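Residue numbering begins at 1 within each chain, and the chains themselves are lettered A, B, C and D in the order written.
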Amino acid sequence: MPGTPPTRFVYLGPEGTFAEQALKSIPAAERGSRTPARSVPEALEGVRTGEADSALVPLENSIGGAVGVTLDELAEGEPLVITREVVLPVEFVLAARPGTTLPHVRSVAAHPQASTQCRGWLRAHLPDAVVVDVLSNGAAAAGAAAGEYDAAICAPIGAGRHRLDVLADKIADHPDAVTRFALVSRPGPPPPPTGDDVTSLAVYIAHDRVGALLSVLMELAVRGVNMSRIESRPTGEALGRYVFFLDCAGHVADVRLGEALQGLRRVCADVRFLGSYPRHRFPGTGDRPIPAPAGLSDADYADAAAWLARLRAGDLS
Amino acid sequence: MPGTPPTRFVYLGPEGTFAEQALKSIPAAERGSRTPARSVPEALEGVRTGEADSALVPLENSIGGAVGVTLDELAEGEPLVITREVVLPVEFVLAARPGTTLPHVRSVAAHPQASTQCRGWLRAHLPDAVVVDVLSNGAAAAGAAAGEYDAAICAPIGAGRHRLDVLADKIADHPDAVTRFALVSRPGPPPPPTGDDVTSLAVYIAHDRVGALLSVLMELAVRGVNMSRIESRPTGEALGRYVFFLDCAGHVADVRLGEALQGLRRVCADVRFLGSYPRHRFPGTGDRPIPAPAGLSDADYADAAAWLARLRAGDLS
Amino acid sequence: MPGTPPTRFVYLGPEGTFAEQALKSIPAAERGSRTPARSVPEALEGVRTGEADSALVPLENSIGGAVGVTLDELAEGEPLVITREVVLPVEFVLAARPGTTLPHVRSVAAHPQASTQCRGWLRAHLPDAVVVDVLSNGAAAAGAAAGEYDAAICAPIGAGRHRLDVLADKIADHPDAVTRFALVSRPGPPPPPTGDDVTSLAVYIAHDRVGALLSVLMELAVRGVNMSRIESRPTGEALGRYVFFLDCAGHVADVRLGEALQGLRRVCADVRFLGSYPRHRFPGTGDRPIPAPAGLSDADYADAAAWLARLRAGDLS
Amino acid sequence: MPGTPPTRFVYLGPEGTFAEQALKSIPAAERGSRTPARSVPEALEGVRTGEADSALVPLENSIGGAVGVTLDELAEGEPLVITREVVLPVEFVLAARPGTTLPHVRSVAAHPQASTQCRGWLRAHLPDAVVVDVLSNGAAAAGAAAGEYDAAICAPIGAGRHRLDVLADKIADHPDAVTRFALVSRPGPPPPPTGDDVTSLAVYIAHDRVGALLSVLMELAVRGVNMSRIESRPTGEALGRYVFFLDCAGHVADVRLGEALQGLRRVCADVRFLGSYPRHRFPGTGDRPIPAPAGLSDADYADAAAWLARLRAGDLS
């Protein structure tokens, strides 16, 4: 029900992965129920059917890129909207059963993306260990706990949950790597504008690539709407047909973003609104919203609207 | 007073020129008073001071181009608006006092633009005649009537008014030449939209030419607003500073033209609105309004606005 | 050595997957040696170190999208170039040990992308079977052959190699799904233009997304260069920093693509050339190259170049 | 003959106008013969037929705008090229026969553009004088010398030539008003590039105004070519058909202007080259050429060309 805060949360499991850690950073989720799902489609299906109020799923990673399955699931089926984003530093640890020391590690379980992100560390510290691919960070920790592997690359929360010791922390090659998660709900009025919001869209364009994509960008550019992300995904029909996922600065309730959205609606084959929500801020880093370009502030929009109203009334003074 | 139909008309004189002929094609002017002015500034000043309700002045000629003084006078001083346009075929005649025949014509009085437009005819039919420059078509006719010259190039109305015989008609080299006149009034609510209107603007842009003019055109292009005319005039400050006079298809009351106007207001140094008025139509020529491009019709605008309203309310069905 | 045809090929293994099938469609590879690699980085590293002449790796899938690891590996490290593309229909089969029949299948091994693509079929024909995620199509077939699972979703070549029976073929929900592979070599002169070529690029743009991406597209659009693909990948530095992978119609040796490439080089932070190669054609489907837009054919380019040469010589005839 | 410096000059007469004054500022003309023509067409015809080597005609005035007849004559007929520009301050004086004093002036002869430019001065100092329109500044001075009018508004050179006293100088309302003249010759190799040149063009575009003009500006913008002037003139075919006169920064021999010219040739209905010549500089005013935008300098062009050559040779190092 719109307006009712969500109490039942689902997240991409298993337990002990970054998604659970991200969900716990949301106060309402800290108080509500938290259920792991086996996959992103399962998590979102739980929201669609009403079994859960909100789902926390990964959107993109600063190393691995977009999480395709999340984008595909948001673009198809019953509409869902993002109401909140959480950006979490990706901190990988090497964890093992108590008593294990680094020189004894001969096999390491890791999700392929995790081992890729720690390649430099592994080469330097465990040049002779065998890296075994497993299907999730949580599965890696579980495998190490069960003694199938000597150690696991996993999230700090995974080490704790499986009672593993941390042999080394911050082992990722890019110390600034982050993952961005989305909290997704059934449609309802978006959270109120905060002055520093993001609007996510899935945009389908006609076949001719250069011209059509130029039109999309021009609709945004003439309104001074900045894009912080653009991803393309195949539509599944044929090679060369794409849907673009855009993150734009601004809120659907803003005048200029609203005008740009109407423009996209007119020039695109289809536009799916995926939500307006507060931008995740990084306190203490000088992180702040990008101001509107000259002539495109809200005040400029208000001035132009008032001017047009006067013209229409015949008042040219 | 807005709403009161004009009854006192002033036009670019002298009597017997195309401007008087154009004014007479307007029913209200046919019934009202019609006073010639010695110049375009004088005609417009009459409207500004309230001595006249409306002024008929030339805007452009399909051969000679824009009438610079009219544009300059509209762009400066107290605001005035165009409420109607009249497009008149330019038909030049060679007129002389009764009894004169072509072989006797040795001197022809003509305004320089008129003799330029009849150059081919003069070369073919009066190769030895001296062409004397005078300051208006009316002055040419008056001079011929006074016996100062053997003949005059003038408008048909000028021949009649000065009781001259027409020795040859349709003597212009371009048989399709036309002049476009504007009926100008003090500001007031524009005439209602007809579905085939013109909106005239004076647009001031910042110094960098390519980028700034590109911005102006993009504001129009993304809303599918077509331009039927663009003229540049120096602002008088320095070489390289221009004001652009645009005629756009559409009415200030239209949604998409309104959105484009607001955009121009934001990106331009200044925009002066010069009126929205019905486009002059040429019956029987297949002349009809250019339809809006795909995705930019009024229905498309209404659809996009309704969609945005639903998004804002949280309705994504 | 440039000019020497490759004889030692490596491909993304294990044996029995689509990549091996694609490699075999290339005559030189049919005759040469073919070695499986455990990963895309390993396959490309083999070419970089000179152990292999060429590597066949997946670029994108019409359902799953870009293969991020391939793009990342091409964009970084020692330069490599694509010399050929192979587009292969994705035909999944359900395979099992001889004697197994569909009603007996309770567990199905599948790579997560494969089971995603066959979701509809599985729901209809094996609603009660457990789907077990494994790390490749080849591993699924091997697991079924070893009796770990009742059946596997794999490529036809995988069923044959592991002596499995095909219980059902063409089980993918999108019957037209294809995977596009690239044959990658060390740098050398590109294959000669065929009149229907593709040029692949990795393009880095500055931070402001709308404006910078607009500039890239304008460089292509003014030369009439069509894009058949655009993918964004994070650069790994931070969220919001991307490298764009573009496939453009044309060959680096073409005048107009050459002019566009120079333009990109000037406006982008960096451009990496990833090869010009013949476009994969689909015989019998009416598939043919998109003609150049009006005014942008090679003949138009030649005419403009000749005109400029005349102007520079002072010949305006 | 190309290469031979011109010695026979013609200019827009009569004697004693600004054009003669401008011509005298050119050293070769100071030494050569100088013949007045009665009109711009006559002056240019003299060059076309070979009677004169070069013609000096007005191009535009910072108050009155473009000189339409000059543009029209350059755009039609046998090609001519501008080889030099001269920008002259417009200094109007009030001149009268010796002995006349300001209080006695009751009639003032003036070309209409001249009296327009001095309107403020006339209102302040000669509020009761009658201003009589005449056809040129030279004719005004001649009329005052002949006693037809009490005084004349003319150029300083006109007062001297007709032995008139200057009653008041610098009487124009805009003290910075200038006129720009062009020295026009038969086609030949353009003067060598100076690093601060202007290239003039006449550009014909197809009917749809916004799209076609956008294309023209984009061809310039992507090469960083700045426009210092854009004028539209009717083509004479019908209202709404225009030819655009552009002045672009750069020389036809420059790489980037050459590339832009080729682009215009391809996208426009027609392009007429009107010459490349050194920009008039105003010493002591801080006047200097506008530098190329980032990424569009000659060095950037050379770097991109060298890079493309390497790519084509297969050298990606």
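Basically, contacts are C-beta pairs under 8 Å (C-beta built on N, C-alpha and C of every residue); 3 or more make two chains touch, one makes a residue touch a chain.
Just so we're on the same page, UniProt names per chain: A, B, C, D = Prephenate dehydratase.
Since we're looking at a predicted model, the values are computed, not measured.
Copies subunit A (Prephenate dehydratase) and subunit D (Prephenate dehydratase) of the same sequence differ in orientation by 180 degrees, per CA superposition (steps of 5). Chain centres here are Cα means. That of subunit A (Prephenate dehydratase) falls 59 Å from that of subunit D (Prephenate dehydratase). Taking each chain's centre as the mean of its C-alpha atoms, subunit C (Prephenate dehydratase) lies 57 Å from subunit D (Prephenate dehydratase).
A separation of 26 Å divides the Cα centre of subunit A (Prephenate dehydratase) from that of subunit C (Prephenate dehydratase). The set of subunit B (Prephenate dehydratase) residues that touch two or more partner chains comprises 218, 221. Listed by chain label, the pairs that touch are A-B, A-C, B-D, C-D.
Residue ranges of subunit A (Prephenate dehydratase) in contact with subunit B (Prephenate dehydratase), taken from their complex: 2, 79, 81, 187-190, 215, 218-219, 221-222, 252-253, 258-259, 261-263, 265-267, 273, 295-296, 300-301, 303-305, 307-308, 311-317. Across the interface of their complex, subunit B (Prephenate dehydratase) is touched by residues 60-65, 68-69, 87, 112, 116, 133, 135, 174, 176-178, 180, 208-211, 213-214, 217-218, 220-221, 225-234, 236-240, 242 of subunit D (Prephenate dehydratase).
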